[in-house]
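The structure follows.
In this document, chain identifiers A, B, C and D correspond to the written order of the chains, with residue numbering beginning at 1 in each.
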Amino acid sequence: MPEEQRIWCAITNSPIAMQELTDFAADPAAGAMATFVGMTRNTNDGRRVIRLEYECYPGMAEKEMRKIAAEVLARWSIRKIAMMHRLGQVDIGEASVAIAVSSGHRHAAFEACHFAINQLKEIVPIWKKELYEGGELWIGSQTGTTGSWQRVQEENA
Amino acid sequence: MPEEQRIWCAITNSPIAMQELTDFAADPAAGAMATFVGMTRNTNDGRRVIRLEYECYPGMAEKEMRKIAAEVLARWSIRKIAMMHRLGQVDIGEASVAIAVSSGHRHAAFEACHFAINQLKEIVPIWKKELYEGGELWIGSQTGTTGSWQRVQEENA
Amino acid sequence: MRITLRYFASVREKLKRSEEEREIPSGATVRTVWDILKREHPELSAMEKAMSFAVAQEYVDRDHPLQDNDELAVIPPVSGGCYA
Amino acid sequence: MRITLRYFASVREKLKRSEEEREIPSGATVRTVWDILKREHPELSAMEKAMSFAVAQEYVDRDHPLQDNDELAVIPPVSGGCYA
């Protein structure tokens, strides 16, 4: 199956429709599907969260997502992978990110799905601003953590 | 939150509605949801599969599923867990089992969901008969593998 | 004493019934009943190691003593979930 | 030579713009431009270690030489996905 039929990566301004991801990832040769959905939580680091706002580097964000998906296909025996990230305002309980991975075997599906969300958080140029009771904050920027590029290098080392 | 609001285990004769499981598991304090869906695959061990047929030990199957869910809540920091298994005829591509786990943290959600499906396959008294091109077969019974009870003992050893 | 036996999946098909009542000697354990079943249906011996048992819907080992009115389930290797 | 600079998230807010064009000396690297930006906006130095860079939408290190018409993106720590 050509790679473009096995990978679907998208960035959207609309609510994430999980069913679309699982419909894409479904495959008669797949006995297992693992999914991950990341949602806005009502608290973070002791702050009461009102909502999150996401922005991305258009073009590069999709490209980095596709690289992760291609790496997943190269490393695990996976049928299909769908990854979607939402931009703009994401309220409490709403999904900001969703991943679905189908596979002949459940272990590969779990590992690949877990790897994909870990990598997405590390290297895809997307940012979230937290609006909490009392202020707002760009998550990640408030500390002197290692940059995305350094993390990419460490991953590949 | 009382345990009965955090655990939903069910056995059904109808197609599994994944949305119902994720709706149950959703929680404003949960930032992560991991799910697993097991589907009938079109081949197994080189045989072309026509469909599967599931039966269970009514009563005991639900009880064993609830035990797994309770163990998940005891071992990981999990908000909610929903587990559903379908009985009767399950065609290619259809889901026979689905699990949804919500958590404050993605690692716990993945680990708990993976544990739950592993345990379900090991100890819940449910059986599947494979109808393939050329015959039928009770999966598990054709080999002299270790019984469920011995596996329960080994798990707890 | 009298117990109810439950059969599932491959065992149910081999024995051509899903349950039955049986009179068993007092002091019988799960093993006693299993040995009787194997004598009646020698083909069950092929699954000797793979078989599990439940009394009152809880897994028990073969030394478990049976009581009057117990429900004893003969449980072939479970295979719930998916292939994957 | 002339490049386009792209700013995101906290950097965009600090610099009060999301992109601009700049004339830079020939032979300049990513580091050359980053040093200029830090001179103009000393508050960027607080994010010194955390900053990454992309040219033509690919991560590059600070020694990467720039060319005419390059698009250089200043990338503060990414935080896509969820909290969890």
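Keep this in mind: contacts are C-beta pairs under 8 Å (C-beta built on N, C-alpha and C of every residue); 3 or more make two chains touch, one makes a residue touch a chain.
Everything numeric in this text was worked out from a predicted model, so none of it was measured.
Chain pairs A-C and A-D differ in how many C-beta pairs are in contact, and the one with more is A-D. Taking each chain's centre as the mean of its C-alpha atoms, chain A lies 48 Å from chain C.
Here the spacing of chain A and chain D, counted between their Cα centres, is 24 Å. Inter-chain centre distance (chain C to chain D, centres taken as mean C-alpha positions): 71 Å.
Within chain D, residues 82-84 each touch two or more of the remaining chains. Among all residues of chain A, those that touch two or more other chains are 30-32, 38-41, 104, 106, 109, 117. Judged by the touch criterion defined above, the protein chains form a pattern that is neither an open path, a ring nor a star, and not fully connected either.
Pairs of chains meeting the touch criterion are A-B, A-C, A-D, B-C, B-D. On the chain C side of its complex with chain B, the touching residues are 6, 8-10, 13, 46-54, 57-61, 73, 75-84.
Put simply, chain B touches chain C in their complex at residues 38-41, 44, 54-57, 59-61, 63, 85, 96-97, 117, 120-129, 138-141, 143-150, 152-153. Partner chain B is touched in their complex by these residues of chain A: 18-19, 22, 26, 28-43, 92-93, 104, 106-107, 109-110, 113-114, 117.
On the side of chain D, the complex with chain B involves touching residues 82-84.
Across the complex, chain C is touched by residues 30-32, 103-106, 109 of chain A.
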